[in-house]
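Below you'll find a set of structures to go through.
Next come two complexes, and both contain subunit A; in the first it sits with subunit B, in the second with subunit C.
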Partner chain A sequence: METYLKLISKSFQRSIAYKLEYYVSLANAFLYIFIFTSVWKTVARENSSSLGTWTEDSLIQYAILSTLIKVSYGRNESLLTTKIKSGDIAYDLLKPYHLFMMYVSDSLGVSIFQLLARAFPLLVFSFFFFGTFPHIKLVTFGKFFICYVFSYLIYLCFGFALSCLAFFFTEVFSFMILYSALVTLLSGSVIPVNIFPNWIQEIVSWTPFPYLYFYPTAVLLNSPINFSFEKLISMYIFQVSSLGVLTYFIYFLGIRKVEFAGG
Partner chain B sequence: MEEVKIYIQMALASIKSRMEYKASFIIFLFTIFAFYVAQVLAITAIIFRFQSIGSWSMGEMAFLYSLLVLSQGLVACGFGGLLDFGTLIRTGNFDRAMIRPLSPLIQVLMNDFDLTGFVHVVLGILAVSIANSFLQIKWDALKIFVLVLVVLGGSCILASIRILIASVAFWAVENSSLIHLFVFSSREFLLYPMNIYSKGVKFLLTFLIPLGFINFYPAHFFLNKDTSSLFHPYFIFGTFPVGISMLILSLYVWKLGQNAYESAGG
Partner chain C sequence: MISVKNLSKHFVIRKRKSGFWGSIQSLIYSQKEILKAVDDISFEIAQGELVGYIGPNGAGKSTTIKMLTGILRPTSGEILVNGINPSKERKKNAFQIGVVFGQRSQLWMDLPVEESFDLLKSIYKIDEQTFRKKKEFFFDLLGLGDFYKQQARKLSLGQRMKADLAASLLHSPKVLFLDEPTIGLDLLVKEKVRDFIREINEKEKVTIILTTHDIQDIEFLAKRIMLIDKGKIRYDGAIADFNKLVGTESRLNVHFIHPVKNLILPEPYSIQKKFSDYQYLLNMPEDEPIGKLLDYFHKNGYSLQELQREKPELADAIKKMYAGKVEL
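Here is the complex of A and B:
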């Protein structure tokens, strides 16, 4: 346990090290919030009859919160891929920790930094800047927190599975792009999934993507989703377990392929 | 003439090295295409639900997008090498370009010539066709000529931003976060019509980082849109001159940076 805590602390400190990187990444995240809020403000004012259960305010709040949830997840896909490519993974396999737990610890360190140093300040700034505050009850926040934890597990599984593809392919960048494409379209990071026609929503709800950003944000804003909270949690458990099994499968097959040239 | 031959050979070598792993190359092309399709579908979903964004209809948005990706395609092919320029400086590898009797900038560009950028061109042509099917734009010789100038001008604007940000590495060494902000994220502004943004942002995208000239202003000319709300109605013809001016400025800054460059090697 101490080893993993050290790894978390190490990746947290690594995130603090680059100051320019930090400020630019703040600007970057705000830029996305600004673009999405501008889009939603415009469409809400022009086509108020097509809003359905949404209002201008709730759409703006959605844009802010979904972007910040995304921002709070630390990215470290290159951690394993570069090690696998260079062969440095051999040293990690010799060390007294599990590769998956090492990946999780590193990701946690980056994510804690992202949450505290990027998402929170931007959350406060954005709500003041756009002058809109969601009224969130403690129970709602509790429900959101459960969804957030599950959503983070899905994010970790995706990241680790994509990284483990480096055991099979020389270049995994293409898979990362494909993942980004699916996240852009189906996760709710750009558009709330319930903007889609019902039949698309039904199909999408069986994929893990909307469970990343759409459902946590919708739960936090009390926006209507197609099922009850209990059903949502059971869907989360289903998605996390299926992805977990798939991820383990990719890792298990990948690690068996590893061969090192002795010297 | 001899120099041009060498540059072409460098570009060909770069293409060959990228195509060495054929399966990876084809998968990469496919995924780049999928990424842009996802981006377009996300915007389409909004328009499908709300009919328009900032009074820009589906066809007009497709045209706006086509101007962006066409310009981007040319830049992605020729100027990809500047995205990782910070690494060349950090590792001292830029020294190799400095000691050869060739332009260091063109060497950096040709060493990383990327054929996959043409995916953007294919997408751009596709987007123009879709826009045309919605809007029935009447294409005559003048419009085609202006389109070519707009795409060239837009490419110059995007290329000059890459050169300017790459030049930062001569002084700051590390510029990857700036690349992300100015090259990739700022482009997101252009996926939507500029009239949806606040006045300050419109000013920024017109006078400071003139991205608006890549697609928003010229689209008014092709789509015969009302120009009264623009900073100036003549801005719809500004893409090419703005692009050339930006390119000259960026090359000047690059020259300054190159003169200030002190090798990282020891």
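Here is the complex of A and C:
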């Protein structure tokens, strides 16, 4: 356990190593919030009839919160892929720890940094800049927190599975692009999933994507979702388990195929 | 300590066709080929031995090392490192081995060296007292203290190698695998690294397998060499015996008082290089008495000013082997 805690700590320290990168990424995140809120403001004013229960204010709140959740996770797909591609993964495989746990710890370190150093300052800044914030009850926050943890597990599985594809294909950039496109479209990071027609919502709810950002944000905003909170949690358990099994399967086959580049 | 029996590793490689249409065709179909990186090799290494594992590029050296460390699974054969099968008990094996890949690093590049050491301390469950002792040892022998608090990315190649060597030995492994540890280093750092490797082998009795293209590393450190080529071990034995077996010739650097336009030599001597009418470099078998040549020069009126005999070098013997001039 001490090893993994140390790994989290080192990963956090690594994230903090470059000051300029930190400030630029903070500015980027704010720019994204600004773009999304501006787009939703325009859409809500021009086309309010097709937005269902969404109002201009709730859409702005959604855009801010879903972006903050995304920012708080950071990006973890490249933590392993670059190592696998270059062959530097050899050193990780030589250590007496489990590669998945190493990856989880590394991701956690990055995410803790993201949460404290990026998401919180952005939250405070957005509060003053946009001035529209929902009143969140403790129970609602508790429900959100449970969804947030499950959603983070899905995020970890996705990142690790994508990384492990590098064991098979070496170059996984196209998979990353595909993943990024699917997340943008279906996860609710940009568009609330319940804006889509019902039949699309039905299909999407069986994929892991909306469980990443849409459901946690919707729960926090008390927005209507198609099922009860209990059903949502059981769906989360289903998604995490199936994605976990698939991820382990990719890892298990990948580690047997590993061929290290160079000498 | 290390026992390898009938070890093989085969890779499936896809052959791409050349040219524009070839690459288009390869998108749909590419021919598969089996590459025998390591082909049925066997050897034993005793505890405390330092073995030079050499061979040309792509011979199978690194593949063997990766199988011995457990990160590559053999296609067939058996490996035991101190009684442990590395690929089946990877974590257990990790505690007893140290590895340095000269072209890679295990340091966290964005953090100071001390942070990587702190992490390794936890990974290998090293107690504080042992850690401090080890650190002092590395400070003394490698001068680690000079750059211990520097960001790893900002280290010179020599400093990085010293830090990587120390990192690989922090948990006192019984076996150390060194894959080109002196690659790209300047002469002074090379010397320091070699001295350090010799010290830990002699004093701490660490078994070392050294893979390198630098023959001086081998000559300075190893008494035994294993030579691998095209996946097969071509020679396994003492360096001295290898030289005899390959039969590398001695060189004679000859300076004449008067110019000699066309030097004619008796068998088995031959001219390696003519520098000028006054100076020649000659080849002669190592066990050939030099007196015979001196008599010949005297009888034929060649007046000698100076003669130097250079002993056959391991590098020459290996070069001959790589070039396929010698079958062992």
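The rule is simple: the second predicted complex is superposed on the first by the 258 of 263 C-alpha atoms of A that agree within 3 Å, B and C clash if a C-alpha of one lies under 4 Å from a C-alpha of the other, contacts with A are read in each partner's own complex, and residues count from 1 in each chain.
The rule is short, and it goes like this: contacts are C-beta pairs under 8 Å (C-beta built on N, C-alpha and C of every residue); 3 or more make two chains touch, one makes a residue touch a chain.
Since the structure is predicted, the reported quantities are computational estimates derived from the model, not experimental observations.
Trainee: Just to be sure I read the superposition right, which of the two partners does A:Ile237 touch: subunit B = first, subunit C = second, or both, or neither?
Mentor: Once the two structures are laid over each other on A, A:Ile237 reaches no partner at all.
Trainee: I'd like to know which partner A:Asn47 touches here: subunit B for first, subunit C for second, both or neither.
Mentor: first
Trainee: So, does A:Phe169 touch the first partner subunit B, the second partner subunit C, both, or neither?
Mentor: Touch partner of A:Phe169: subunit B, not subunit C.
Trainee: Determine, under the contact definition given at the top, whether A:Val149 touches first (subunit B), second (subunit C), both, or neither.
Mentor: neither
Trainee: Have a look at where A:Val245 lands relative to subunit B and subunit C in the superposition and call it first, second, both or neither.
Mentor: neither
Trainee: Could you tell me if A:Val190 is touching subunit B, subunit C, both of them or neither one (first, second, both, neither)?
Mentor: first
Trainee: Check the contacts made with subunit A and report whether subunit B or subunit C touches more of its residues.
Mentor: Of the two chains, more subunit A residues are contacted by B.
Trainee: When the two structures are overlaid on chain A, which partner does A:Leu116 contact: first (subunit B), second (subunit C), both, or neither?
Mentor: Touch status of A:Leu116: no partner.
Trainee: Quick one: classify A:Glu2 as touching subunit B (first), subunit C (second), both or neither.
Mentor: second
Trainee: May I ask you to decide whether A:Met101 touches subunit B, subunit C, both, or neither, giving the answer as first, second, both or neither?
Mentor: The answer is neither, since A:Met101 touches no partner chain.
Trainee: Does any part of subunit A touch subunit B in one structure and subunit C in the other, and if so which residues?
Mentor: After superposing on chain A, subunit A residues 18 contact both subunit B and subunit C.
Trainee: Which residues of subunit A touch subunit C in their complex?
Mentor: By the definition above, subunit A touches subunit C via 2-3, 6-7, 10, 13-14, 17-18, 86-88, 90-91, 93-97, 256, 258-260, 262-263.
Trainee: Help me check something: in the complex, which residues belonging to subunit B touch subunit A?
Mentor: It is residues 21, 24, 27-28, 30-32, 34-35, 37-39, 41-42, 45-46, 49-55, 172, 174, 176-178, 180-181, 185-186, 188-189, 191-192, 196-198, 201 of subunit B that touch subunit A.
Trainee: Of all residues in subunit C, which touch subunit A in the complex?
Mentor: Within the complex, subunit C contacts subunit A at residues 11, 57, 61-62, 66, 69-73, 90-92, 94-95, 97, 99, 101, 103-106, 108, 110-111, 115, 118-119, 122-124, 151, 179-180.
Trainee: Looking at the complex, which residues from subunit A come into contact with subunit B?
Mentor: That would be residues 18, 20-21, 24-25, 27-28, 31-32, 34-35, 38-39, 41-43, 46-47, 50, 169-171, 173-175, 177-178, 180-182, 184-185, 190-191, 195-196 of subunit A.
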